[in-house]
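Which chain is which? They are A, B and C, in the order written, and residues in each are numbered from 1.
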Amino acid sequence: MTHLFSSSQGKALGLVISCCLLLVSFFLSVRLGQVSVPGTMMIDAMFRFDENSADHVIIYERFSRAVTAALIGSSLAVSGGLLQSLTRNPLASPGIFGINAGALFFVVFSVVFLSLSSLPTLIWIAFGGAGIAAALVLFLGLMGADGLSPIRVVLAGTAVTALFTSLTQGMLVVNEANLDQMLLWMAGTVSGRTIDVLLPVLPLMIGALFCSFLLAKPVNILVSGDDIAKGLGQKTVVVKLILVLIAVLLAGGSVAIGGMIGFIGLIVPHIARTLVGNDHYWLLPYCVSLGAGLLILADIIARFIISPQEMPIGIMTALIGAPFFIYIARKGFRGE
Amino acid sequence: MTFLQAHDLTLGYQDAVVIDDLDLTLPTGEITVFVGANGCGKSTLLRSLARLLKPKAGEVMLENQSMNEMATKDIAKQLAILPQGPVAPEGLTVWQLVKQGRYPHQSLLQQWSKQDEAFVKQALKATQTEQLADRTVHSLSGGQRQRVWIAMTLAQNTDILLLDEPTTYLDMAHQIEILDLCFDLNETEGRTVVMVLHDLNMAARYAHKIVAVKDKTIYTEGRPEDVITSDMVKYVFGMESKIIDDPLFGSPMCVPYGKGRKKKKPAAEKEIAYVN
Amino acid sequence: MSKYITIRNRFASFRVEKKPLAVIAVLCIILFLSMVLGLSIGSTWVSPFAVLQHLFGAGSGADAFIIDVLRLPRMVLALLVGASLGIAGLILQEMVRNPLASPDIIGITSGASVAAVAFIALFTGIISISVLPLVAMMGAGLVSLLIYLLAWKKGVTPIRLVLIGIGMAAAMDALTTMMIVFSPIRTASQAYTWLTGSVYGTTWEDVAAMAPWVLLLMPLAFLCMRAIHVQQLGDGIAVGLGAKIQWQRFLMILISVGLAGVAVAFAGGVGFVGLMAPHIGRFFVGRSFAALVPVSALIGGWMVVVADVIARTAFLPLDLPVGVLISGIGAPFFLYLLYRNRHL
C-alpha cells in the first residue's frame, strides 16, 4: 500500500497542515452562522468578554460549540481507529459496537423513569451505558474459535444495538412526551453545550486521548496478530482491555455530550490510514486533527444546509459517511 | 470418452495476467498432474479448465465444444471439480453432502431417482466412507473429510475429475490413501483425472503425464520419465537437485541438494562442486 | 422402519423425511390453540368454546363484532406477517451462509421505513393513509435493489451484500431520523409507532391485500431448496456442480425481499422474527431446507400472533406496538445464539 506521506518529514508536514486546517475551520465555525461576526469582535470577546453584548454571547456559544465538536470529533476518530485496529476490522466503529445505542438506552431510561435531566448526571449515565454495550459486543465477538471474525463483531454489534434500540423504542412509544425531548439527542447535536457543561468530562476524555498515544507502540505490535504479539512477549489480554477501556471512555464521553454522531469514528481512521499508513504513532495524531476538523466542518454545513433550521449533526455525518462505508465494502478489505 | 483441451488460454485476475496464451490437451483416460512453484498459476489453470474462472482470452473445449457456449449443467455432467480446501456447512452429514453430487442430474420434479440413490451409494463405497454416512462432515478427520468430498465429485458420475491439491494438509499415509484412490478410479473405471500436486515425487509415481507450469505458460509436458530432469527442476522450482530412480517403482525421484545434518557423501560432494 | 418416505413415478421422484411432518402437525395444533386462546382474551373475555363455535359457524352472534372485526383480522395479519418474515429470514440465512442474517440486516426494513416515514411526514391528510403499505413496499424494493446493484462486482458475494446492506441501513436510518426530528410531535409519534411495528387496527381489507402476495411467494420459496443446498458447499463447488449461482442468488433475494417487504409494508418495522424463527426451526428439524420452510413460517407466525396478544392485553388499557415485544424478546435470543455459536 502506498501512502500519501511516506517519509517522516512528509508525515510531520501533513500533520502541521491538517492542524492548520483545523484552526481555520475552528475560526470559521465561530465566525459563520445566522449572524456573522467580524474577526475583530472575536479578539475583542476573547480578551474583554462582556456578558451584556449579544455578539459576545454568540461568540461564547459558538466557541463552546466548536470546542465540543473538536473534542467529540477527535475522540470518536481515535476510538474508531483503536477499535478497528483491535478487531482488525475496517468496519468497526463506536457506533457499530453498540456503544451509542447502549448510552441512549440508559439515558432514556433515566429520563423516563428516574426523571433525571441534569446534563452532567446524564453524561455519567451515558458513560456507563456505553461501557455495558461495548462489553457485551466484545464478549461475543472476541470469544469465537477463530479469535475474531469481522462479521461476528459487526453482527454482535448490530444485535446489541437492536436490543437497546428496541427497549428504548418501547419506553418512548409509551412515553410520548419524552420522545420529543430525546429525538434531538438521538439525532446528535453539538449546540448548547457550553464549556462549563463539558468541564467534568473534559479531563477524562483528554486523559484518554493522551493515554491512547501511549498505546501506539503496543497496538502496532497487536495488529500483526495475537500469536505474534504473544510471541514477542506482549500481554495481549491486558493491552486489549486497556485499549477497549480507552475507546469506550472516548466514545461514551462523546455520545454522552453530543448524542448519536455516527460515522466519524469510521471515516476518519480510514482517511488517516490512506494518508500515513498503519503506524499508530502517526495514525492517532492524524485521527485527532482530522476528526476534530471534519466534525467542525460538518457542523458548519449543518447550520446552512436547511437554513434557517439546523440539521442535527448526527444525520449530517451519517449522510456523508454511509456512501464512504459502502465504498470500502465494495473495494474489499483485509480479512476478506 | 470425453476429452478436454485449452486453446490460446489467457487467465488472470483484474489486470494481472497469470497464464498467457497457453495450449494444452489432456489425455483421455489418464492421470495428468500439474506441477510448478507456488503462485505459478497451476491452480488458476485447473480452475479455468472447470469454468470456475472465466478466461480473459481463448477457450476451453470439452468434446469439441467451447465451454463458453455450453450450459453449465451439461458441463457438470461430464466434468467434476473439487476446489482447494472446501468447507461444509456445520451440521451437514456425509450422506447429505455426497448426495449433492447428483445436482446436475436432478430437476425440480426428479429429485431422488433410483439412479441418484445408486450413484451415491457407489460413491460412498468407492471411497470407503459408507460407515461414515450418518456422521457430520465436521466430526471427521482430515483424510476422511477429503475422501468424502471426493465421494461427492464421484457421485456426479463424470468422465473427467479435476482435483486441486487433494493431498494438502494430509499426513503421508493419508496422502497415499487419496492418491491410491485416484489411481483406482483411473485404472478400474477409466476416468480421466487431472490434479494439482505439490509433491513432485508423488506426481512422478502416479501421473501418466506431467505438466510443468512456469512463466505464465507450460514449460514442459510429457511422461514423468521424460520431463523430470534436474534441469527442469532447477528452472521450474529454482532448486538444485539430483534425480534418481524411485527404489520401488522406478519412476523418477527428485532429491534436493540443500543442506543436511550429516556430512555429505564424498560422491555427492563432488557432484555438487561440479554443478556449481 | 425407514426415516424417509420415497415417492417415485414416471414424472417425479422425491424423498421426504418423516420427522418434520410430525413437527409440522404439532406446530399447526399449537398455533390453532394459541389463536383460539388469543381470540378469547382481551378487554372483553370471550370463552374459547364460544370462539370455536363462532369460528365453525355455530356461534350465537353475540361476540361477532369482537371476534370478526376487532380480533380476528388483526390476528390473521399477524400470522401472515410472521410467516413471511420467517421464510424471508430463512432464505437469506441459508443463502448468505450466515446464521445471523435476517431481512432487517440487509436493509429491507430500513428501506420500507424511510418510505413510510416520508409518506407519514409529507403526505398525511393529502393522500389516503391506505396507500401506505404500497409506499412502504416500494421503498423496500428500491433500497434492496440498490443494495443488490451496489454489491454487484462481477457477481454478488454474500458478505459484500451484508456489509453494503448495513451501510445502506445506516444511511436510511439517518434519513428516517431526520424526517422524524423535523416533523410535528403528532406525526413524529405516529411515524415512531410505525417504525416499531404494529398490527393495530387491521381490517379484513388489509388481510385481503396481503394474502395473495404471501400465497404466491411462499410456494416459490420451495423452489430455492435445491439451489440453497448446493450453494451451501461454497461457490466453487456449486459452479462445479453446474449451478447458475448468480441467477439463483438473484431469485432468492427477490423472493425474500418480496416476502419481507410485504410483511413490513403491512406491519411496519417488526424486527427479529426473520432471525429467530429459522433458528428455532433448526432445533426441531435440523438443516433440511424443505422442512424448514413450513416450520419457519409456522414458528414465525406463532411468534407474532402471541407477541401481539401479549402486547394487546398485558398492558391494558395500553395497546403496545407488537414490535416492541418481539424485539425485546428477539434481541436477547440473538445474543444467546451468538454465544452458543461462538465456536463456529
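Heads up, the rule we're going with is that contacts are C-beta pairs under 8 Å (C-beta built on N, C-alpha and C of every residue); 3 or more make two chains touch, one makes a residue touch a chain.
Keep in mind it's a predicted model, so treat the numbers as computed, not measured.
Because contacts link the chains only in sequence, without closing, their graph is best described as a line.
Once CA atoms are averaged chain by chain and compared with the all-protein CA average, the nearest chain turns out to be C. Chain centres here are means of the Cα atoms, and by that rule the chain farthest away from chain B is A. With A-C and B-C as the two chain pairs, more C-beta contacts join A-C. In this assembly, the C-alpha centroid of chain A lies 52 Å from the C-alpha centroid of chain B. Taking each chain's centre as the mean of its C-alpha atoms, chain A lies 35 Å from chain C. In this assembly, the C-alpha centroid of chain B lies 45 Å from the C-alpha centroid of chain C.
In chain C, the residues that reach two or more other chains under the touch definition are 344. Among the residues of chain B, none is in touch with two or more other chains.
Chain C makes touch with chain A in their complex at residues 98, 100, 104-105, 150-151, 153, 159-160, 162-164, 166-168, 170-171, 173-175, 177-178, 180-182, 185, 188-189, 192-193, 195-196, 271-272, 318, 320-321, 323-324, 327-328, 330-332, 334-335, 338-339, 342-344. The part of chain A that touches chain C in the complex is made up of residues 91, 95-96, 136, 140, 143-145, 151-152, 154-156, 158-160, 162-163, 165-167, 169-170, 172-174, 176, 179-180, 183-184, 186-187, 262-263, 309, 311-312, 314-315, 318-319, 321-323, 325-326, 329-330, 332, 336. Considering their complex, residues 47, 50-52, 71-77, 80-83, 86-92, 96-97, 100-101, 103-104, 106, 108-114, 116, 152-153, 156 of chain B touch chain C. Interface of chain C with chain B (complex): residues 6, 8, 11-15, 97, 223, 226, 229-230, 232-234, 236-237, 239-244, 286-287, 344.
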